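Two complexes come next, and they have one chain in common, subunit A, joined by subunit B in the first and subunit C in the second.
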Partner chain A sequence: MRTMTPPSPDGATSPADGGGKRSVTAEWQLALPLALAFASIFLAPLLMLVGVSFFNDDKISQPGFGQWAKFLGDPFSYKVIADTMLLGVKTVGATILIGYPLALVYLDASPRVQKVLIFVIVMPLLLSVVVRTFAWIVVLGREGVVNTVLMQLGIISEPLRLLQTELGLVISLTQIEMPLMLLPLISVMSRLDPNLRDASAALGASRWRTLFTVIVPLSMPGLVAGCLLVFASSTTAFISQSVIGGVRLIYLPLLIWQQSLVVFNWPFAAVVSIALLISVLTVVSALSWLGRRSGGYVHG
Partner chain B sequence: MGRRRSLGDISYGVVIWTLATIALFIIVAPVVIVLTTSFTEGRSLKFPPTGFSLQWYEALFDPSKSRQIHRAVSNSLEVAAWSTGFGVLLGSMAALGIARNRHRLARVADGFFLSPLVLPGLTFGLASLMYFTLIGFRPSLNLIIAGHMIVTVPFILRTTSASLSQLDPALNDSSQSLGASWFYTLRRVTLPLIAPGIFAGAFLAFMASIDNVPVSLFLSTARTDMLPIRMWGMMESTLDPRIAAVSGVLITAAFLLMLVMEWTVGLTRRMRD
Partner chain C sequence: MQDVGKSKAARALDVEDLSVRYGQSLAVDGVTLAIEPGEVVALLGPSGCGKTTLLRVIAGFVRQAAGRVRVDGATIDHLPSNQRNIGIVFQNYALFPHMTVAENVAYGLRARGNRGPEVQAAVTRFLDTVQLGAFHQRLPRQLSGGQQQRVALARALAIEPSILLLDEPFAALDRNLRLDMQIEIKRLQRTLGLTTILVTHDQDEAMSVADRIAVMNKGKVEQFDTPVAIYDRPQTLFVNGFIGTTNLMNGKIAGLQNGMATVALDAGASLSLPAPAGIGLGAPVHMSVRPEQLALSSVPGPDTWKIEPGLALPIGAQLVHEARTADGTFLKIIEPRRAVMSEAARAYCTLAADARPTLFPRSP
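Up next, the complex of A and B:
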């Protein structure tokens, strides 16, 4: 039967009659169901989003560039974009500042300590972002841990206002996004040849010098990957931004939510979410370009 | 010179250890604090908690008082189960189809399937709300399942493709040259070898669905409430102390899950490699 019918879709042919080649051509068809799903519930919605952004009114009846003109002509939009990107940059900076040293400590630790450390680092990933956000409300609130401790130590007499400030939001996001920085860092750093550090020390370099001239350049791929993930995640962290930042700190995700689900101005919400997409992807591709360059520099 | 070096080494040790300690503290402390506060006797969530009681857990597990939360939990579990199921089916099929294909089109398709990982979730969430509404669907769990499938299937595709790329092609060839059909080879050779990869991806996808905010935010309604959105509501206006109990349950669940994953598949080892 096999020899009588043309190649069947399941590629049930033996290599003897050239089936090796034919089974490969049949194999790609296995991706068709997913491709169909992606075309109908991923690509089509995104195209519709772009389409909706070119309507002037919230009834979506008059086509035009009105919403884009409104968004691009308003200085407030640029402030929100800049604030959102800055929030990402600050969070990335803070996660590097304390996350990188933790990765270094991990590198020097004994296998047993490493096991415990990785457990502690990974566990927050299994914990809902909402729970991690809620934890910071308990920590930073008026009657929260920070205020209680500082007041009992007599350092402050009035509770500090930490919620609904950018500082509080950056501190919270630092913890919430930390695993995304640490995991790629640790995975790259564990593959470093320990002899390189010993060689650097034997040649008389101080530990600081070894860090900045040997370890940091070699761990660059992990560092860049971590920065990418933390940046993309913190700039779009709607729940953390809205709960800890409050309604007075406006970032792009909050603006999208307000415009779409509170004001019901879908065309404008579409414009803002395209702005979010473009600004996040621009920074992310710039970072990954830098990462590829630094990778080339290290290995070249 | 030796003296200068040792001074530098001391400052290195002090700075690195201080920052690393801060990092560890900042990772662990909030989780411990939430867990302790959830046992408070008081009516508000302050730290240190006053007294010890299980009142918020009792309120949480009471079927009549916390009906909305229970419904949100069962919705979340249902959506995660279905979206992971469809994801495993479509995702592993796609991986089998194109992971080992060097053709340019296959690479493009692979990138396309992985793109929900880099695309801001809110953009897709809003897009799917507009799309489903404008083509006339009424809000339902099915739509949320579809949306979750899209944003979680990349995890399955990635881990399955990684297992496939480690597979020795000679296994496939020898199975087929011994007369086994393509499907028989898939069932008896390929699938058993890539099963750990599919399983790891399914686990990540399930967790990502349970935790998903951006898609659920736009697609869920009061009737199709999802747990993260419900919890967000519980802390938005007035802080509902039951959320501490919900958090306590989720922290315990995450901890147990970590232990189970460690024992069964060696999760931390996989994460490091």
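Up next, the complex of A and C:
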């Protein structure tokens, strides 16, 4: 939430401003070594990746556009990109459907219950992704908790196939990524003026109307931030994708792994990496553009 | 400025023995207020005394632990706030930040299922009433505090409520605007026949706008009366100290006869005053007297006491004298500004001719 800073009184502005400008320059220069270090750590590998992608052979000896042609000419590539993006969209959808009501419950809870809820929400973050993923195997497996319960209740006669299906993967990713949706959502929503709901009610609006005309629009920045994090994280969740999805569900991260560590075709792996990077970045920047637009509504 | 709508039948609002509990503490403690149709009542009291909480119960945002709220005799306690038709202006306005001024004002009408030109007309009418017609496309954050306050008022009035609740609506306004808005609210309230509760901790505001004032302290209503009665005949020591400036002097009841008490002041004087109910001989008392009800004198007497004069500050056409009595009490005395007075002319203090001091029991 942006707070409006009152303009400083005129008299104090000019001398302070001059000092301010000088110190801004100085700060910029101070940050330079760190910026260079970051550039070399993050930018250099990226440039190398781009460089490697322009070699035709896996020995990285013949420069050329061969790998790009291979990737872009193969319909399978587009299917994998689409599947990966779709997985992200489905996970985002599921985290919104479950996370938004949860955030509303959190908002209405008493402070003590809120503390417990926050702990429950953050806890998955404290566990390793590997542990969480294997827990989901136990839950979703043929003789897992879900199937056992459903069979005992007589709802199904055959165990459901949940592992190595997209449904199972979306279910587990929804749980695994949920904190990334809930934390920004709760942080934006709990800063909303509680009087706004009361004002809406006093003006005659029902709870649903208040939800959709006041709370949802004003929580957009949190929602967008959550979508962004969940999308970026679920589309690149290699461990969950490969352990729960198995080898039959192929997403970009798995493809990269196969190409680099199984087939040892690094140039092709580089091409797929760049494709993943660009696809995710495109969606993420579209989302964050939306976020900036709606962010304008929220202020103190 | 144009008039809004026709005046409707005003409604009576009764708050009966209302208590609100937050955890262990009582935020509102057995409050009873019978508010006449079309009346403006000010809730006056220090911060945290339960004024906002009382409004929130009437608006239906908070459930009471005990007591009832009635409108025209019918209890409204079972109604959710969106069915109470009570207009409320919040302490912080609570405008919808993502909606334009016009959308804010239209909100209540749309929530009631009104659409189209009818809503447009009402929005224009109410925005003109608060003189903000030109601002209908702005967002709340593009308005000054006073303008936001007027939008909040227009938004509350647009649903044509029968009761209007105002929570410190003028707190953020500068003096001139504050006066304008006070007059404006009073005028709107009259033409619309709105029973109004105004929360404030500014006693001047309460005095000038309200027909009656409820002085609250620690969740209780200490006195519910007209402004004049509250000022002249405070019923409790708290009301006495909270409204206006006052001097408190310690003394004892030295005699009781025919409803009159002889009070022996610790400062060294003996005064004959109307006795408060249930006071006994020898009981320690506070005597409360307004600064303008004290007078300076140069001659000693049985009803004067010696003072040590201090600073004299001119305030307008008056002079505020500070003085110290023999028992160490500091007094404020207000007199019309006269020619320079010598120390000797200010050696004694007494009650002015029309003084009406009040006696309150005191724990010894």
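We adopt the following convention: the second predicted complex is superposed on the first by the 256 of 300 C-alpha atoms of A that agree within 3 Å, B and C clash if a C-alpha of one lies under 4 Å from a C-alpha of the other, contacts with A are read in each partner's own complex, and residues count from 1 in each chain.
Here is the rule we use: a residue touches a chain if its C-beta (ideal position, glycine included) is under 8 Å from a C-beta of that chain, and two chains touch if they have at least 3 such contacts.
Just so it is clear, the structure is predicted and the values come from calculations on it, not from any experiment.
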Of subunit B and subunit C, which one contacts the greater number of residues in subunit A?
B
Quick check on the superposed pair: does A:L126 touch subunit B, subunit C, both, or neither? Answer first, second, both or neither.
first
Check whether A:Y78 is in contact with subunit B, with subunit C, with both or with neither, and answer first, second, both or neither.
neither
Which superposed partner A:F65 touches (first subunit B, second subunit C, both, neither):
neither
Mind working out whether A:W289 is in touch with subunit B, subunit C, both or neither, as first, second, both or neither?
neither
Which of the two partners, first being subunit B and second being subunit C, lies in contact with A:S206: first, second, both, or neither?
both
Residues on subunit A in contact with subunit B in one complex and with subunit C in the other?
204, 206
Going by the contact rule at the top, pick out the subunit B residues touching subunit A in the complex.
4-5, 8-9, 11-13, 15-20, 22-24, 26-31, 33-34, 37, 44-48, 89-91, 93-94, 96-98, 101, 103, 106, 109, 112-113, 116, 118-124, 126-132, 134, 146-147, 149-150, 153, 157, 173, 176-177, 179, 181-183, 207, 210-211, 213-214, 217-218, 227-228, 231-232, 235-236, 239, 243-244, 246-247, 250-251, 254-255, 257-258, 262, 267-268, 271-273
Within their complex, state which residues of subunit A touch subunit B.
10-16, 19-20, 23-24, 26-35, 37-38, 41-42, 44-46, 48-49, 52, 60, 97-102, 104-105, 115, 117-124, 126-139, 141, 143-145, 148, 171, 174-175, 178, 183, 186-187, 190, 204, 206-208, 211, 232, 235-236, 238-239, 242-243, 253, 256-257, 260-261, 266, 269-270, 273-274, 276-277, 280-281, 284
Residues on subunit A engaged by subunit C in the complex (per definition of touch)
4, 193, 195-196, 198-206, 209, 213-214, 217-218, 297-299
Within the complex, which stretch of subunit C touches subunit A?
56, 59-61, 80-88, 90, 92, 94-98, 107-108, 111-112, 141, 155-156, 159
